[in-house]
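One chain, subunit A, appears in both complexes that follow, with subunit B as partner in the first and subunit C in the second.
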Partner chain A sequence: MAAKKLSLKDKYRLLTRDLSWEPTYRDKKEIFPLEDFEGIKITDWDKWEDPFRLTMDAYWKYQAEKEKKLYAIFDAFAQNNGHLNISDARYLNAIKVFLTGISPLEYSAAQGFMQTGRQFSGQGARIACQMQAIDELRHAQTQIHAMSHFNKYFDGFNEFMHQHQRVWYLSVPKSFFDDARTAGPFEFMVAISFSFEYVLTNLLFVPFMSGAAYNGDMATVTFGFSAQSDEARHMTLGIEVIKFLLEQHEDNVPIVQKWIDKWFWRGVRMLGIVGWMMDYLLPKKVMSWKEAWEVYYEEAGGALFKDLARYGIRPPKYVEVAELEKEHISHQFAFTLYQYTHAAALHITAPTEEEMNWLSEKYPNTFDKYYRPRWEYLREQEAKGERFYNGGLPQLCQTCQIPMVFTDMNDPTQINYRDTHYDGERFHFCSDGCKDIFNDEPEKYIHAWMPAHQIFMGNCGGADLPSVVENYYNIRMGIDNMDYHGSPDEARWKEWKGLRSVEDKLKEAV
Partner chain B sequence: MATVAITPDYMGDYQDGVENFHGNQVVYFGWDHHLLFCSPHAFPLPPDMPFAAVMSDVLPGVWGVHPDFPKINWETATWMLNGKPFRPDPAKSLIDNGIDHKSAIRLQTPELTGIAGTGS
Partner chain C sequence: MSKVYIALQDNDESRYIAEAIEEDNEGCTVIHQPAMIRIEREGKLVINRESVEEKMGRDWDVQELHINLVTIGGNVDESDDYFALEWNQ
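So, the complex of A and B:
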């Protein structure tokens, strides 16, 4: 007898809700030991609405079709020497930042959703976490594959995972995810699914992918399209999580609000990297960080928090500071990476005259007044053969681990200093937002692995910066690092594009 | 507030105790309104180093490239130590000046306005 074909409804129930069972000989609390300690109260897991409305077999089918198309384009990109069609080899700094800073977070997210999903006694949430974990793993893999083509022709790509674990500025994204993954399961969901995926992800994804499109990088842009439907699902999970938690019990509201405040601020600090990428690393620019912030946060986020007001949720704390900082942070990050490019697997260079004119136009209140004269000075120094590299190590914020580069919005040329005491020790912060996060859970953040301090302790391959860079970061001096001008990446690009100057050719002829 | 944790009385290992710095202590130095340097600097320094050596040996190595640096009048320059006005005694050691582990010191030279007068 042929097996009876299941109705869609039955199949959905069997493949989602029927995979769980009520334990009979062990206590449920033993099986899900992390479900209570954060103080979140779940009265009825059956109220969870599946955000994805997918069964595993349908999920595999959709994903397999996308993979097929994506890898066909990667092959075509490689066969057609796609790296020669990018706008300029300087563009690859953006891709190096993505590969070292963001792709490892996709992997971390995969691990995080696997760990977290295991902890929920509600099977709907478990299935959603499982699917998102697989998505994240796919994103890590496809990003690495998309960018691996450039590794054959340019420097600075080959040690991305090693560098993510060790390099000072990569401790910023790494510590962000480590913080989320060492929190409880509900905080992880509010941190990653809601605050990051739902509220802020468009500020990360859209700029990088449209940046790739504008700059001729078809591999990365195709990855972006292929990930778009996954990202849309992740956003749906984010909004379901927040509504579910808020509807389950009123006692959840202040806990969720605290997490929104914390993860909004941690996200804002980390996204400064994206602002810098948009305003400085793309030879062909898409939009400014300020514009992106206005479209993707102020408009979209404004509407979201109006919607959440009925649950008693208010917009994140310090959002007004973030709104003022939108005219400054990309420049502050750009100067930081410019002067420390000897300690990064990047070739950061000063903006051209044309780029500075674009920045003046996009930042009419701040660029000419505060930042342009500094770039002009740095360009003059470079022209004199005295390209400026910072000779010391930076003081870092204990929470976000970014060098203390942020300034007082009432006095934008003065660095913010904040400190607090805990257990007889002093701790320093870049902002009130980061100080509040520390003060709320100091026992967690005293544990932070601060790159500058670890170098002083002798834990990073040597006492001076060149030893740290070579021995501990695996950055090859003069190959992977230092200014773009004079780098092997630039030399190869010019050779391939026939851009060698008459002067260079004469030198070779002699 | 205490950290919300599954382990009762959770306490992370404090990474940055002074005992981990081989006899040095970490001291941070920032120069107000001189943003050519993106952030204040961190230095591992012996607690018994005289403050005069900071001015003659430590700061010039990092800040000396700034065109304002040679113009600093050390007699009139003012200082902040951990957020409070501070008058260092150059002959005394860091620790005798009250500069302990992870102290943050700010140099203030209001007459020097940075590159092109922009606080850079």
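So, the complex of A and C:
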């Protein structure tokens, strides 16, 4: 007689409860030395549940099916010259930010979940971390694969990993994950699984995928969807982790709340980059940052925190500041990157008249009042042949590492400076959120590798910016950086699309 | 009461799943977005295996949902026979 097929619940129980053992000749504390020091109390690991109840056989089966679908589309995209069907070559600057800033984080997440999973004595938690580590590795690989096609035709894609480790603005996402991975295992889970995956990841992936689709980039929208189908599981792990920690012991509540506050703010700061991508880097725009924030944070996050209220958890600290920032942050980011395009691995332009009109419509309270006049001035300068590049180095926030460019949201003409003294030195911050994070663990953040400071200390390839850019960042002057107008990317695109002006053709004839 | 939601890739399989959800969840809202179908409902949303099988005309494993899933909001409860999303408020 054939054996009766196991139910989902039985299969999951056998995988996550039955393969472990109690150590007999070693103390459990020696095997899992990091489980206690954060102050989290676990009374019963058996209460850990993965509501998807995914087992390895099902995991491999469905993941293999996703990969087959994905790679069929990559092949079709490459075989049909997909790079010629995007909206405009300017679109690829968003993809360059993604490849240099975000894909390496997927790899970092894979390492983080491997390191963290090893530290849990609960078998269910170890298996959840194992599956997520494999997912994250898959995301890094598929993203690099998808974007490698563009590397054959455009500049700025060839040194992404080197640049991720070194370039000033890329230290923002890099330091976010470094911070999480150097925390304890439970903080890592609250940081990445809950605050990042559950609360904020939709802001990154969902509008980004729609944006790629609107701009004709079939390869990117497909890896985005394929990754997102894993994210739904990661988000579920995030909410289960939180409920598990809160149900295990009441002493865990204030610790978890502090981590939610910290990682919400760290995430909000990092995702400002996504706001800039959505509002300024997509030639065909889908949704403004403000709209994305309202749907994916205010509505979805609001429901989540109402659900968690029964445990004594409140919405994250400074959420009201983040809500004010939604009308400003993408513009303030865009100004900064525009000024420093000579030190960036992409081409940035001022918005066109049509784009400014879109921004006026999407930001009726702020764009015409504060930001349009600045862009108009910069466009005038550019028309005169005096495109503005900032020759100085920006002061950075010691926590998020973003230049100190954010204003007081109630007075957008005033930069928001905060500072604190520690061990005889003065440290600077962009916000109360970042200052609080530093003050809670100053010994951690005083060791941060600050890109602008390192340049001044002579550790980055030379004494002037061109030396740093060429020798240390591996950004080729005039090829990978500077304005899009006049770039080799623009020239090639126009050539392929037959967009050369009569003027250009005449020049060539002479 | 807050809304739970599920988003699926817009393709042939998801269209059957969306039809099954619509029939089994009175008052749910189906929103068609570029390349995506988003379905939301106050409080709770259930996908029943039998209803999806009826629409597709073949056997359907609840875990096949993973292939076409984009995102979800709400607490998950899954068994061999159904997949549910719910807020406990």
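Throughout what follows, the second predicted complex is superposed on the first by the 494 of 510 C-alpha atoms of A that agree within 3 Å, B and C clash if a C-alpha of one lies under 4 Å from a C-alpha of the other, contacts with A are read in each partner's own complex, and residues count from 1 in each chain.
Following the convention adopted for this analysis, contacts are C-beta pairs under 8 Å (C-beta built on N, C-alpha and C of every residue); 3 or more make two chains touch, one makes a residue touch a chain.
Since we're looking at a predicted model, the values are computed, not measured.
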| item | value |
| --- | --- |
| Contacts of A:Leu54 with subunit B and subunit C, given as first, second, both or neither | second |
| Subunit B versus subunit C as contact partner of A:Arg426, first or second or both or neither | first |
| Subunit B versus subunit C as contact partner of A:Gln395, first or second or both or neither | first |
| Contacts of A:Gln414 with subunit B and subunit C, given as first, second, both or neither | first |
| First, second, both or neither for A:Lys66, with subunit B first and subunit C second | second |
| Partner chain in contact with A:Leu99 - subunit B first, subunit C second, else both or neither | neither |
| Larger contact residue set on subunit A - subunit B or subunit C | B |
| Touched partner set for A:Ala140, first subunit B, second subunit C, both or neither | neither |
| Touching partner for A:Ala303 - first (subunit B), second (subunit C), both, neither | second |
| Those residues of subunit A which subunit B touches in one complex and subunit C touches in the other | none |
| Subunit C-touching residues of subunit A, taken from the complex the two chains share | 7-9, 51-54, 58, 62, 65-66, 69, 202, 205-206, 209-210, 213-214, 221, 225, 228-229, 231-233, 235-236, 239, 286, 299-300, 302-304, 306-307, 309-310 |
| Subunit C residues touching subunit A - in the complex, by the definition given at the top | 2-5, 7, 9, 33-36, 62-64, 66-80, 87-89 |
| Touch list for subunit A against partner subunit B, complex | 33-34, 37-39, 184, 187, 332, 335-336, 339-340, 369-370, 373-374, 376-377, 388, 390-396, 403-405, 407, 413-415, 417, 419, 423, 425-428, 439-450, 452-454, 456-458 |
| Residues of subunit B that touch subunit A when the two form their complex | 1-6, 10-17, 20-22, 24, 26, 28, 30, 32-33, 35-44, 61-62, 65, 82-83, 100-104, 106, 114-116, 118-120 |
